[in-house]
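Next come two complexes built around chain A: one with chain B, the other with chain C.
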Partner chain A sequence: MRVLVLGGGITGLKTAFTLSEFDIETIIVEKSSEIGGKVKRYDKIFPDFRSGKNLVKNLIASARNSPNITVLENSTVTNVAKNNRSYTASLSDGKIIEVDAIILTCGFEVFDATRQPEYGYSVYPNVITSMELESFLNPEGPTKGKLLRPSDGKVAKRIAIIFCVGSRNMKIGNPYCSRICCSYSTKQAIEIKENDEEAMVTCFYMDIRTYGRGFEEMYQYAQEIGVKYIRGRVSECSVLPDGNIQVRAENTLLGKPVQGVFDLVSLSVGMMPCVDAEELAGIFGIERGKDGFFLSKDDDLFPHDTSKEGVFLAGSITGLKPIRDCFLDAMSVSGRVVSYLTDLYKNR
Partner chain B sequence: MKENNSLFSETGRESLWKRYIKDIPDDGYFLTLSCILGALYPGSEAMIPKVYDLFGLNWGTNPRPESGWSCCSGIAYHGDIMPIEGTLLTVARLWSIAQEIGVDTITMSCVTSFGIHCECRDLYENEPGLKEKIDRLLKQSCGREFEIPKYILHTSDVFYHYRNQLRDNFMKFQLIDKKTGTPLNVVDHVGCHYSKLFPEEHSLGGSEYCEVLSGMATAWGGKEIDYPERRHCCGMGFRQCMISPNRAGTMASVHKKMKSMSPFQPDLIITNCPGCQVFLDKEQWAIYEITGKKYFIPVLTYQEVAGILMGWDPYGVVGIQFHTVPVEPLLDKIGTPYNPSEAWLGINKRQVY
Partner chain C sequence: MVGQDYKKGESEAGLDYGWRFQGKPVLLPEDRSAIVDGSSHLMQMALTEMSKEYFSVERCLQCGMCTEACPNTMLNTNSRFSPRKFIQELRLGLIDFSGEDLWFCTNCGSCVSVCPYEIPFIDVMKDLRNLVIEQGAGYLPQSLKSAISSCRRYQNPWMEDPNKRADWSKTLNILTLKKDNTDGVLLFVGCLPSYDERGKKIAKAATLLLDKAGINFDFLGEKEVCCGDGILRSGDYRTFEKLKKINTESFEKRGIKKVYTISPHCFDVMKNHYFEKNEDKFLVAPFILLLYEMLTEGRLKINKPINKIVTFHDPCFLSKHNHIVSEPREILKSLPGIELREMEHHSVKSICCGGGGGGIWLDRKKGERLTEIRLEETLSTKADILVTACPLCLSMLEDTVKNDNRFEPIEVMDICELVLEGI
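Here is the complex of A and B:
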């Protein structure tokens, strides 16, 4: 029994590892030069503030040490052909592999903040994205964990975090909620306050959607340590002569327009379908929804199955999920694939 | 501001505005005039055909009453005294006149009018049966026929299109301080009905980083200033400027903009909307009268800036004497010669004022 897992992020790694425990041979095909996905760049993850890097390090080690797992980096699938009940996959590096099933775990892409030009990302240096903030907060990052303004290197004391950038926005064609931004932004706000008690952190939000176990408690804790939450969408960021950023918003609880001046503004960017989603949908002949994410056969009854027999989906390829849900998805799809392969081999 | 002061990335801005590019044909323009620009800043509007002629362009207009040429009715529409059908009919008639003289690009010097023409086209594209209805009404009312024009351009689009040729072939001066050799700080104020109604289709650079005026200013030597209230409306708004009790709204808007831009020490404000030009210029005096705060930042239309840089007579051609905020300090910075005693000379050098 052999399975191809396309995507070497946390879902792909966990899926491969789980299948390997059933003695199923797995080939992970990863387009980048290194497996581990985006999580390996996160110093701390929510809600328990454990190290994302260490979490992924263990997964990578498990995958590399497993005799049932083969990792192919810098590679992707360029074509697939169905042969009776198996698949022949052609890879970009010229390899051709025969597999019984394929699991797509290609994850997501981060929203391009320049698509909301009213916030001035890429125009004003002191407007950064949450991914950049994450690297600033990382002790091993470019600023060694210090929150320094890109324009002049001064320590930022007044920080605004703007939620829902690229999410729940009809104008840019992303009506969906990215689900994880409220929580990761709150985690970042806590980190800023814990690193520097005097820092003033203001979060501009539409609604707070901290729905997972421990997420709401994290939000409560953020407020207890002094993170300020203002309900209202930011309309515009502008630069002042000293490089500070003026943020204009509506406080929808007070019913008033508000504006404030900050040293640094972080845009909590939402998530998009993976960049090669369209190409992959064409190669595998499976459908995507209006939001661009892949469609499963039935969201409730067959959440991992696709319209093509033997091709399965897991992780954020079907919509955004926090890390914890990605792991659950990985284990769930493994169970489904084991069941599929058992049937397949029974009938041979 | 350029990248060297680290507050503003020109590269980043450019990547944003380049998403919103529109086609600007080289030639064949029908020119419609503003209701107020020619009356309040006469040199400004007269310079549009002068510049068209500089390039030997094929353009046309027909302001004779017997031609049926009229205003676009935008003031009446936005003032709520004329329904949209009346405006559609008026604009259809203008398009018909343009097509009669064989051009398919409508250019107008008024930003409100630009918004009106764009809105009409948008309505035709999105309202099934509307074109047929207006066809019928136009035929009934004046026996004319019309087609939706291929291009709707504001005259600032045309100036933007030819900005580099204007600089290279005709300009004698630049937006550079003659004494220090440094670029002048230029604040652009783009009319709302140019950039905010249909930013994707009709605004060069979209609404957030509109390029139409800043592109001219930088091409002509100036330094673009970005300030917090850059996109704020001048406050003209027909319901403010037409209704007496609301007039303070206009002044408050201008004051807000002035307070926001003054720390950046602008040398001039460049506009493309007749209404914005009027209120940004004249309200500065009113603000001074009421608060004692003397901003007095010269406000010029892009045509006036072009005329001054081409070395045209600041009084006889450009008409800076019609400005409330004196423009002469700006001329001193640029190094343009001028003779204040000629400010109010009429025909045969007769003193008219």
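Here is the complex of A and C:
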């Protein structure tokens, strides 16, 4: 029994690892040069502030050490052909593999902030995205964990975090809520404050959707340690001669305009389907929703099945999830695939 | 583009944003509003008389981006008017129609251009004003009242004699102002350039430019009536329909195929409300696009350098409503000797002069005029001339310049006048 896991993020790694515990052979095919996905760049993860990097490191180590798991990096699937019961997958590096089932764990992509030019991303160096902020907060990152302004390398003391960038916006075609940006932004605000007591963090939000267990508590804690929350969506960022960024919004709770000057502005970008979504949907002949994320056969009864037998979905490929939900997904898809394979082999 | 296939499509019920519940599209509030049957509440029936857009307020996120963008909040009077707050009060049934709030909005379109949920606030305003005008539901400022009744009686907002509408052209000796060989091209002058002493200069400049370029054009003369833009935006739908009928009948009678309007307001209202069903039959464009063509095609030659620093005030109905921002700038840059400097807010981010949406008929106190914000920005560019391309903007801006000595150094000109100086 052999399974192809496409995408080596936390979902893919955890899936492969779980299947290996059932003695099922897996091949992880990862497009980038290194497995681990996005989480390997996070120093801390919400809600419990454990290390994301270490979590991924451990997963990678167990994948590499497992005799059941093969990792193929710099590779992806370019074509699949269904045989009687198995699949023959052609990989971009020319390899051809035969597998019984395929699990897609290609994750998500963050919203391209240049599509909302009012915030000046890529024009003003001191406007960054949340993804970049993650690497600034990483002690092993380019700034060794310091918040240094890209324009002049000075330590940023006044930081604004702008929520809902690329989400809940019909004009750019993304009406959905990305669900986790409220939480990761709050996590980042806490990290900034805890690293530097003098730093002032102001979050411009529309609604706080810290929905998960422990998430709301994290939001309360952030306020306790002095993170400021202003209810108002930012309409514009502009740059001042010294590189500082001026932010304008309406404080909608007071009904008063607010204007602030910040050293650094982070855009909490929302989630988009993975880059290859369209291509993958074509290769596997499976459906995506209007939001571009992949659709399962039945959200309640068959959350991992697709319309094609033997092709399964897990993790943020079906919509954004926090890490723990990705883990849950990985374990439940494994259960589903084990039962599928058992059926497949029983009838041989 | 990354996974971006979240395209809007039409569903049976209206716009489809891809939201699904139990497999069916989730309707937007305004689509839901359209579904009314005999059992519906009387109030609901009355509300369906209002345009579909009105109901979009139900989906407002209360995010405040509109208020941030609204020029009214930039006044030092400290945000008397906030579209976000207005919407919230409207939803809660707390709007006080006896106050002035309803008339502060100049329909500039800033709010609509930033709203993440595409709420057509301007249409909402129009419907509410309609309630006041047609059903007497609240306060209507006196000056607006007289403009409206003047439009009803004289087909212009200033109680002017309709027979004198073409008087401005009588002193001109222009050969091209004739009715044949025009290929159905018409110059629509508009009320301000027809009657206002200052406005007439724009009309004259525009016709002289056409003459110099050797373009024959038709002109309705005394038969022209107000385009109805201000009237429609003030909520008087009936009078608007009457004015529209008179103009469109004249167009048809004369076999007009293409209309150039001096004012961007006439252009916008004709484009969206005159010809909506007749797109192929008539084409409408603002005069500035013709001017741009005349210059780029070399039909107009500029010989005299105009050694001046200028800045450009974008009329809302060119910039925010119709995204015409590069042509006026290219015209200005092509004039020899002209240096163009931009104000802090320009192009689609430009700030309204206060003249739109019936605003030109309101008396705003000193310190509460949007023109003051604009002129302060002009001062900081140190430009000699503030150029614009709309008779309403010109009139609003010049009025303030005359009545406030802070702004004395600024000269306000229409782009046609400036171009003419170079010939």
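Convention: the second predicted complex is superposed on the first by the 348 of 348 C-alpha atoms of A that agree within 3 Å, B and C clash if a C-alpha of one lies under 4 Å from a C-alpha of the other, contacts with A are read in each partner's own complex, and residues count from 1 in each chain.
As a convention for this text, a residue touches a chain if its C-beta (ideal position, glycine included) is under 8 Å from a C-beta of that chain, and two chains touch if they have at least 3 such contacts.
Everything quoted here is computed from the prediction, not taken from an experiment.
Peer 1: Following superposition onto chain A, is the placement of chain B relative to chain C best described as a clash or a fit?
Peer 2: Overlaying the two structures gives a clash between chain B and chain C.
Peer 1: Just to be sure I read the superposition right, which of the two partners does A:Gly232 touch: chain B = first, chain C = second, or both, or neither?
Peer 2: In the superposition, A:Gly232 contacts chain C only.
Peer 1: In the superposed arrangement, does A:Ser151 touch chain B (first), chain C (second), both or neither?
Peer 2: After superposing on A, A:Ser151 lies in contact with chain B but is clear of chain C.
Peer 1: Applying the touch criterion given at the start, work out whether A:Ala277 contacts chain B, chain C, both or neither, answering first, second, both or neither.
Peer 2: Second partner only.
Peer 1: Going by the contact rule stated at the top, is it chain B or chain C that touches a larger number of residues on chain A?
Peer 2: C
Peer 1: Look at A:Gly243 in the shared chain and tell me whether it touches chain B only, chain C only, both, or neither; answer first, second, both or neither.
Peer 2: first
Peer 1: Is A:Glu118 in contact with chain B, with chain C, with both, or with neither (first, second, both, neither)?
Peer 2: both
Peer 1: Give one of first, second, both or neither to describe whether A:Asp291 is in contact with chain B, with chain C, with both, or with none.
Peer 2: A:Asp291 sits against chain C, while chain B stays out of touch.
Peer 1: Once the shared chain is lined up, is A:Lys53 touching chain B (first), chain C (second), both, or neither of them?
Peer 2: In the superposition, A:Lys53 touches no partner, neither chain B nor chain C.
Peer 1: Check each of 5-13, 311-319 or 329-337 in chain B against chain C and return the one that clashes.
Peer 2: The listed stretch with clashing C-alpha atoms is 311-319.
Peer 1: Find the residues of chain A that appear in the contact set with chain B and again in the contact set with chain C.
Peer 2: Touching chain B in the first complex and chain C in the second, residues 118, 236, 248 of chain A appear in both lists.
Peer 1: State the interface residues of chain C toward chain A in the complex, per the touch definition above.
Peer 2: Contacts found on chain C: 1-8, 16-20, 61-65, 67-69, 73, 78-79, 82, 84-85, 114-118.
Peer 1: Quick one: in the complex, what on chain A touches chain B?
Peer 2: 114, 117-118, 121-125, 151-152, 236, 238-241, 243, 246, 248
Peer 1: Would you tell me which residues of chain B are touching chain A in their complex?
Peer 2: 6-9, 12-13, 15-16, 206, 208-209, 226-231, 263-264
Peer 1: Enumerate the contact residues on chain A facing chain C in the complex.
Peer 2: Within the complex, chain A touches chain C at residues 109, 111-112, 118, 164, 168-171, 173-175, 206, 231-236, 248-252, 255-257, 272-275, 277-278, 288-292.
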